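Two complexes follow with chain A in common, the first pairing it with chain B and the second with chain C.
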Partner chain A sequence: MLKYIAKRSVYMLFTVWIISILSFIIIQLPPGDYVTRLIGQLSAQTGGNMSAEYAEQLRLQYGLDQPMIVQYFKWIEGVVTQGDFGYSFLYQRDAGEIIMERLPLTMAISLGSVLFIWVVALPVGVYSAVNKYTLGDHIATFFGFIGLAIPNFLLALVLMYLSYKYGGRALIGLFSPEYQDAPWSVAKLLDFLKHLWIPVVIIGTAGTAGLIRTMRANLLDELNKPYVDTARAKGLTERRLLWKYPVRYALNPFISTIGWILPGLVAGEVIVSIVLNLPTSGPVLFNSLLNQDMFVASGFILVLSVLTVIGTFLSDLALAWLDPRIRLD
Partner chain B sequence: MQKRITYLAFLFMLLMLSVIPAVSAQDMTFTESPMLAARVAAGELPPLEERLPITPQVTTPFNEIGQYGGELRLGYTGDPFWNGMLGISWERPLNWTTDFSGVEPSIFADWEVSDDATEYTFYLREGMKWSDGHPFTVEDILFNIEVIFDLRIWPGGAFSELWPTDSPDDFEAEAIDDYTVRFTFAEPQGLLTFRMAQWFGHEITNRPAHFLKQFHADYNPDVQELIDAEDGVGDWPALFVKYLNSTAEFIYFPPNPELLEYPVKPTLAAWMMVEELGTDNIIRFERNPYYWRVDSEGNQLPYIDSLIVTQYQDGETLTFAMLNGDIDYMPDAASADRILFFDAVDEGRAIRIGTPQDNAGVTNTIHLNLNVQDDALREVFRNRDFRIGLSHAINREEIIEIVHFGMSTPSQYAPLENSPLYNEQLATQFTEFDIDLANEYLDRVAPDRDSDGYRLGPDGERITFVLVSSDASPATQVGELISGYWDAVGVEALFSEVTDDVFDERVGQNTLQAVIWAGEGGAGLTSMLDPRYLVPTEYQGFWMNGSFAWRYGGFGDRVQVPLEGEFLEQRERYLTLMTLPTAEAQIEAMAEIIQVAADGFWLMGTARPIPGYLPIHTRIQNHPDEWTAGFVTGSMKMTRPEQWFIAE
Partner chain C sequence: MKENYMSVANTEQDVLSTSQAGYEFEVEDEAKLEMASQWQLMWWKFRHHKLAMISAFIIMMFYFVAIFADFFAPNSSGFYIAEYVHAPPQSLHLFQDGRFDPFVYGYSFERDPVSFKKVFEVDRETIIPVGFLVRGEPYALFGIIETDIRLFGPKTPGAPFYLLGGDEIGHDLFSRIIFASRISLSIGLVGVGLSTTIGIILGGISGLLGGTVDNIIQRLIEIINSVPDLPILIAIAAMVPIDWPIVRVYFIITLIISLRAWTGMARVVRSKFLALREEDFVMAARLDGVPRRRLILRHMLPSFYSHIIASLTLAIPGMILAETALSFLGLGLREPAVSWGVLLMEAQSVTVIANHPWLLLPALAVIVVVLAFNFFGDGLRDAADPY
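Moving on to the complex of A and B:
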C-alpha cells in the first residue's frame, strides 16, 4: 500500500508539473499580452493616446519583455519555493492572495454540490433501477434528462426570476447586502447557508442527472446477475439484498469520479457564478483570462489541477478500499 | 370681494418673493454634515469657513433642502468609470444649466469674453481647495495646459479635445492674479465656453499641480529617487504618465490600475475614492470635506456622505439587484427590461422611473460611406437620387411599431422641433414609405437589373454592399429590416453586426461601406456643438469616413481622405462658425450649414428618439423626473448628484 502511495505521489508531481507548463503556455498563446489589452481599452475609450514608449515601459515593468520560458521558470520558482504566485496586473495585488481569497467559498459550493448530487442521485438511481419502466422511473428519467439538457446559466436565470416573482426578492450573491462586507459571524454563516442552496442546486442538477443514469444502468446490470438470485433464494429480504450486494457494486462510479467533480464543478460554476454574482473563483478566472492577467489565470489553473489530482488520488484509494477486486499494482 | 382681492394680492406677493430670492453666497451662514462636524470637533479638520471658498457655488436643490447622511448604493457592469461613475462624481469648469439652455458657473465663478471672442478671462474662487486642503489656483490651470502640450510627456503628439489647437503657440494663457486667468487666441473662438461645459472641460481643471509636480523633473530635482523606487520606470515622463493617464485623470481609478495605489489623489469632485476596486467588486467613496458647492441655504454639499459602488458580473443580475432594492441607482438600464421595471412600480416596489430625454435627433442614422473605396459603389452612393430612393424604400412606421414600441414618429436625422436649429426640410424630407417613388428615383441611377432582380451599377456589376452595426451601438433589428426593405427595390445590402475591434479596424482602414449608428445631436444646440451628421468633422461621421481627422494631428495610421468640393465648403463654413463671437451669429451660421446639409441629403435617419427610462430607488430624493441625457450634457451631471439626498 505504502509503495503504491509513493509511486502515485511521484506520478502526481509529474502530472502537476506538466499541467503547470501547459497552463502557462496556453494562456500566453493568444496574440498580445496584458499591455496590448490595456492599450486597446484605452484607445477605445479615449481615442488613443498611449505612446509606444509607455507601452514598452509597462512591459518592462511587468517582465513581459522576456522570453516565455524565462517567465515560466521565474514564476514556477516563486510558486514552489515561496508560495508566491506572482502579481495580478488587473488588480495590482498579489495573485496568490486573490486566489486564496476566493478558494474557500468555491470549495464550499463545490462540496455542497457534491453532497447534493449524492443525496439525490443515489436513492433516485436505485429506485429507478429497481422499479424499471414504472411511472416513478419515467418521472425520474424525465427530470434527469431535463436537468442534463438545460444549461446551468439558464436554470439560474429562471430560478432568479421565479424567486423574484414569487418570493419577493431575487436571490443573488452568497450574502445579503448587510453581510456582504461584514466579518464572519454566526449570523453571517446562517445568511450564507440561506443563500447557498440556489447555486448548489443549479450546479448540482446536471451532475445529479448524469449520476442517476449511471447508477440506474449499473444497478440494472447487477440485478440480473446469478448472485442476486442466489441471495434471494437463500431468503434475504429484498431491501437487505439490494443494499448489501448490487448497490455496492454499482457505487463504483460515485467514488471514482470524486476527483473529476471538482474541475467539472468549477467549469460549470463560472457562468452560474457570473449570472448569480457569486464571489467565487470562476468569475475571477474568467476575467483574468479575458484580460490576459496571466499569473492569476495560471495560478488558478495550477491550484485547481493540484486539487483535482489529489482528489483523483483519494478517490482511487477509496475505491480500492470499497472494491476488493481492484488491485493496487 | 375686498377680502378676496387682498388674498390674491397676498398670494401674488408670495409668488414674487419665491421668484426673487437670487441667493447671494456672501451673506450666507454655512452648515456642514454632522460627519464632518464631528471631525472638526476632534481637531482632524479645519472649520467649515476655512474649507469653503469665499463664494461657494450655489446649487439650488430640485425639490427641497435635503438632509445630510446616508450611503448611496450604485451598481454597474463592465468598466468602473465609463459604466459606473460617469457623471456621478466629476467636475468641469462650467456647467450646463439644468434646462440645457446655456452655461452657468461651476469651478469657474465667472467669465468675460471680448467682443471678437479672442480673449477669455475666467475667474476662479478664492479660498477653493482640493480634497486634501491644498488651495486650487491659477497655478493648477496653467500646469494642466502645460501638461497637455508637453511633447516630452506625449512623444506621440499633443492631443486636446478642449483647445481648438494642437499647439501652445496658437494661444496665450496668462495669470492675472492667483484667481484670474486670461486666454488670448489669434483667431476668434466662439464656442469655448460651451466646450468648457462639455466633457472636454476637465482637461484644464482636474490635475492637481501640487500632487503631480513631485513626478515632474522640472519641479522636483530629486525625481530620480522616485524613478528608482518605481518598478520598470526609466525616466520621469514614464513616471509622470504612470500617475496621469487619460481617463485616470478625473476619476482616480483608471483602466490603468497602476493608479489604484493612489486612491486618494486630490480631487475637486463631491466625493473622493477611499477604497479601490478589489476582488470584492466594491469601490467606496466618501464626501470631499473641501467641496465648494452649497445649497440655497448655505448647507455644504453633497448631502450624501458616502457612495458604495458595486460591480456586477452580468446585466441581468444588476437588473435584479435594482428590482430587489439592493441598489439605489444604475446609470444605464437595458431597454429590454423596461417592462420589468414598470411592473415593479405597479407592484409597489421601492422604485420610481425617471425619464431621461436623449439629446439625439433620431434613434438611428444610416450612413452610406461617400468615401467608399470601390469606384462604382462610390459613384452610386454619391448620387443624391440613389439616397432618396433608398430613403423612400424604408418603412419607418413598421420600424417604429416593431422596434420602438410604436412610440415615435418617422424622421431623418435633424435637430428636434423645439431646438432653435430645427429645419423642417431636413427632418421630414423623403421619409414617406413609397415603393413606386423609391423605384422611380433608383431607376434614374441604376435602371438595369440582373436575372435575380438586383440593380446593376455603372460597371455592369450588381450593386451590393455590406451594412454593419457595431456592438458598441447595436442595431440588429433595424439593420435586418432595412436590408429587407432595400432588397425589395433591387438593392442588395447585406447586414451584419460586428464587434468593436472589427468595426474600429474598418473605420481606420476606410473599408466601411454602410453603417447603422446612433443619432446624437438633436436637443438644444447639440447639433451645433457636435455636428457629426451635418459637417464632415468628427470620428463617428461615417458618411464621410476617413475625412474626420480634420483637427487632430495624431491619428496614426488611420486612412485619411482629403475633402473636396461641397464637403470642403461645408467644413469651412463650420470653421468660420467656430470663430463667431456671439451665440446669435453662431445659430444663424448653423442654420445655413443645416440648410446645405438638408439640400445635400447626405445621410438618412429612421425615427425620433423615444423617452428613455431610468429606475431610481424611492429613497433617493431631489432627482429630477425628466432631464436631458447624453454625452454633450455630461451624462448624470444634469441631475446634479451633489444635491440628491436619502430619505429613510
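Moving on to the complex of A and C:
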C-alpha cells in the first residue's frame, strides 16, 4: 500500500508540474500581452497614441520583457515557495488574494455537487436495477438521458427563466442582496445554503445521470451472480440480501468515478457561474482569460487543476482501500 | 492455409453464437443465422432496439434537412425585416373556412406609453396565406442549381413569417435554426473524424508497442483528463483573432474541441489492441509472416470497427455541446456564421429570456440531437458485439 501511495504521489507531482507549464503557456499563446491591450484601451480613451516608451516601461515593471521560460520559473518559484501568484493587471491587486477569495465558494459548490450526485444516484440506481424494465426504471432512465443531454449552462438558463416567470425573481447569485457584503454569520450561512442548491443541482445533473447508469449496470451484473442465489436460498430477506452484498460491490463507481466527475464539475461550475453570475471563480477566470490577465488566469487553472488531481488521487486511494480485489501495481 | 484457419474459427464461433443468440433473434432460423456476416448480425440486433432505430431516423432527418437547408428554410439565414425585431412566434393555422388552406395572422404593434417598448399583437385582420413549394428568395442549391422554390413559406415573398419568432435584428428564428444545424451538426462529424484519427494512431501505438511509449501516452491521457477542460478551451479559443475568416475559425474550433476528445478513443483502441495481441488469429497471421502494417490494418482493426463506430457515435454529442458552449460564451463561431450556440448567445441575460423566451428554442434542437445520438450510440454499442 505504501509503495502504491508513493508511486501515485510521484505521478501526481509530475502531472501537476506538466499542468503548471501548460497553464502558464496557454495564457501566453495569444498574440500580444496585457500591456498591448492596456495601451490600446488607453489610446482609444485619450484619443492619442501612447508612446512606445511607456509600454516598454510597463513591460519592464511587470517583467513581461523577459523570455517566457524565465517568466515561468519566476512565477512557479513564487507560487511554490511563498504562495505568491503574482499581480493582477486587471484588478490591480495581488492575484493570489483574488484566487483565494473566490476559491472556497467554488469548492463548496463542487463538493456540494458531488454529495448531490451521490445522494440521488445511489437510491435511484438501486431502484432502477432491482425493478428493471418497470415504469419507474424507464422514467429514471429517461431523466438520466435528459440530464446527460442538456448542457448545464442551458439548464441554468431555463431554470433562470422559469424562476423569473413563476417565482417573480431570477435565481441568480449566491447571496440575497442584504447579505452580499455582510460578514459571515449564521444568518448569512443559512442564506447561502438557500441559494447553494440551485447551482449544485444544475452542475450535478449530468454526473448524476451518468452515475445512475453505471450503478444500474453494475448492480445488474452483481444480481446475476450465484452468491445472490445462494444467499436467497439460505433465506435472507430481500432487503438484507440486496444491501449487504451486491450494493456494496456495486458501490465502487461512486468512488472511482470521482476522478472523471471532478474535472467536469469544475468546468461546469465555470460556465454555470458565468450564466448565473455567481461570485465564484468562473466569472473572474473568464474575464482574466479574455483580458490576458495572465497571473490570475494561470493561477486559477493551476489551483483548480491541482485540486482536481488531488481529489482524483484521494479517490484512487479510497478505492484501493475499499476494494481489496484491486491490484496495487 | 490461413484462409482455412480463419474459416474454421468462424464456424466455431457461429456454432457457439447460435445457442446464445437464439434468445435475441427469435424469428431468424438457424441456418440463416449461421451464414450471416458480422454486419448482418449487428443489423438484426440493432433493429430490435426501438429507441435506437427511432433515434437513427431522427438523426438522418436532421442531417437531411441540414443538407437541403436552403430548400427547407422559408427564408435565408441573413434575411431580416427590421420592423419585426423580437416578433413573437406566429401560430400556423391549417384550416380556413373548413378546408385546408394554411395561413398565419400578421402583426400589429403599438408603443408602450411608459417604456416605449414595441408591443406586438396578433392582427386578426391581416391574413398571410402560406403555401407549399412557394417562390421565395433565390438561392443556389449546392452552389450549382439556381432556384427559388422553397418547401413552404408565405405566398407573397417578404411577408412577415415568424413561426418561432424573430431575434434582435428581425431574423426568422426558424430559418436560422435550420441553417445553424449545418455548422452544429457538421462540427460533430469533423471533430469526431479528427479525434478518432488521433485516438486510433496514439492508442494503437500505445497498445502495440507497450513499454515506455505506452507509459508516456497513458500519462499524457491522464493529464489531459484531469484538467478541467473548459478553462483550457476558453483560453485557446480566446486567442483566435477576431478578423479571421469563418472557415478558418470553424476548423480551429473543431481542432480545439477534438484535442481533448481523442483520449477516450485512444483508451478503447489501446485496450482492444492489448486484448487482440494475445488472440490466436493474430498469432497465426504473425507466424505466417504478415507484415506489421497489414496485420494492423487488415486483421486487427476490422475486428473492432464496430466498437470504434459505437464510441465514435457516443463522442459526437460531446462535440456538439462543446461547440455550443464555446459559441454561447462568444468564443466560438461568430456572426454571420450561425450555429445553435451562436443563436443562443442572444439568450444570455434574464431580461432577454424573460421578455423573449422563444430565443431559447435553439436549445431544444441541441437537446433533441444530443439525446438522439446518445440513444443511437447506445443501441450501436449493444449491437457492436453480436457474438
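The criterion applied here is as follows: the second predicted complex is superposed on the first by the 314 of 329 C-alpha atoms of A that agree within 3 Å, B and C clash if a C-alpha of one lies under 4 Å from a C-alpha of the other, contacts with A are read in each partner's own complex, and residues count from 1 in each chain.
Keep this in mind: contacts are C-beta pairs under 8 Å (C-beta built on N, C-alpha and C of every residue); 3 or more make two chains touch, one makes a residue touch a chain.
Bear in mind the structure is a predicted one, so any value in this text is a computation, not a measurement.
The superposed arrangement places chain B and chain C in clashing positions on chain A.
Legend: residue contacts after superposition of the two complexes on their common chain; A:V275 is shown touching both chain B and chain C.
Of the two partner chains placed by the overlay, neither chain B nor chain C lies in contact with A:M215.
In the superposition on chain A, A:A297 makes contact with chain C only, while chain B stays out of contact range. In the superposed model, A:E101 makes contact with chain B only, not with chain C.
Using the contact criterion defined above for the overlaid structures, shared-chain residue A:L90 touches chain B, although it does not reach chain C.
In the superposition on chain A, A:I26 makes contact with chain C only, while chain B stays out of contact range.
Of the two partner chains placed by the overlay, chain B and chain C both lie in contact with A:L157. Contacts of A:L122 after superposition on the shared chain: neither chain B nor chain C is touched. Remark: of the candidate stretches 4-12, 382-390, 400-408 or 418-426 in chain B, the one overlapping chain C after superposition on chain A is 400-408.
Judged by the document's definition of touching, chain A residues 157, 160-161, 164, 170, 172, 274-275 lie at the interface with chain B and also at the interface with chain C. Partner chain C is touched in their complex by these residues of chain A: 11, 14-15, 18-19, 22, 26-27, 29-31, 145-146, 148-151, 153-154, 157-158, 160-161, 164-165, 170, 172, 259-260, 263-264, 266-268, 270-271, 274-275, 285-286, 289-290, 297, 300-301, 304-305, 308-309, 312.
Every residue of chain B that touches chain A in the complex is listed here, in rising order: 73, 79, 82, 154-156, 159, 231-234, 237-238, 241-242, 245-247, 255-258, 260-261, 277-282, 312-314, 316-317, 320-321, 323-326, 500-501, 504, 539, 552, 556. Residues 219, 222-223, 225-232, 234-236, 238-239, 241, 317, 321, 324-325, 328-329, 344, 347-348, 350, 353-354, 357, 360, 363, 366-367, 370-371, 374-375 of chain C are the ones touching chain A in the complex.
Listing the residues of chain A that touch chain B in their complex gives 38, 40-42, 44-54, 57-58, 60-62, 89-93, 98, 101-102, 157, 160-161, 164, 169-170, 172, 177, 180-181, 273-277, 279, 283-284.
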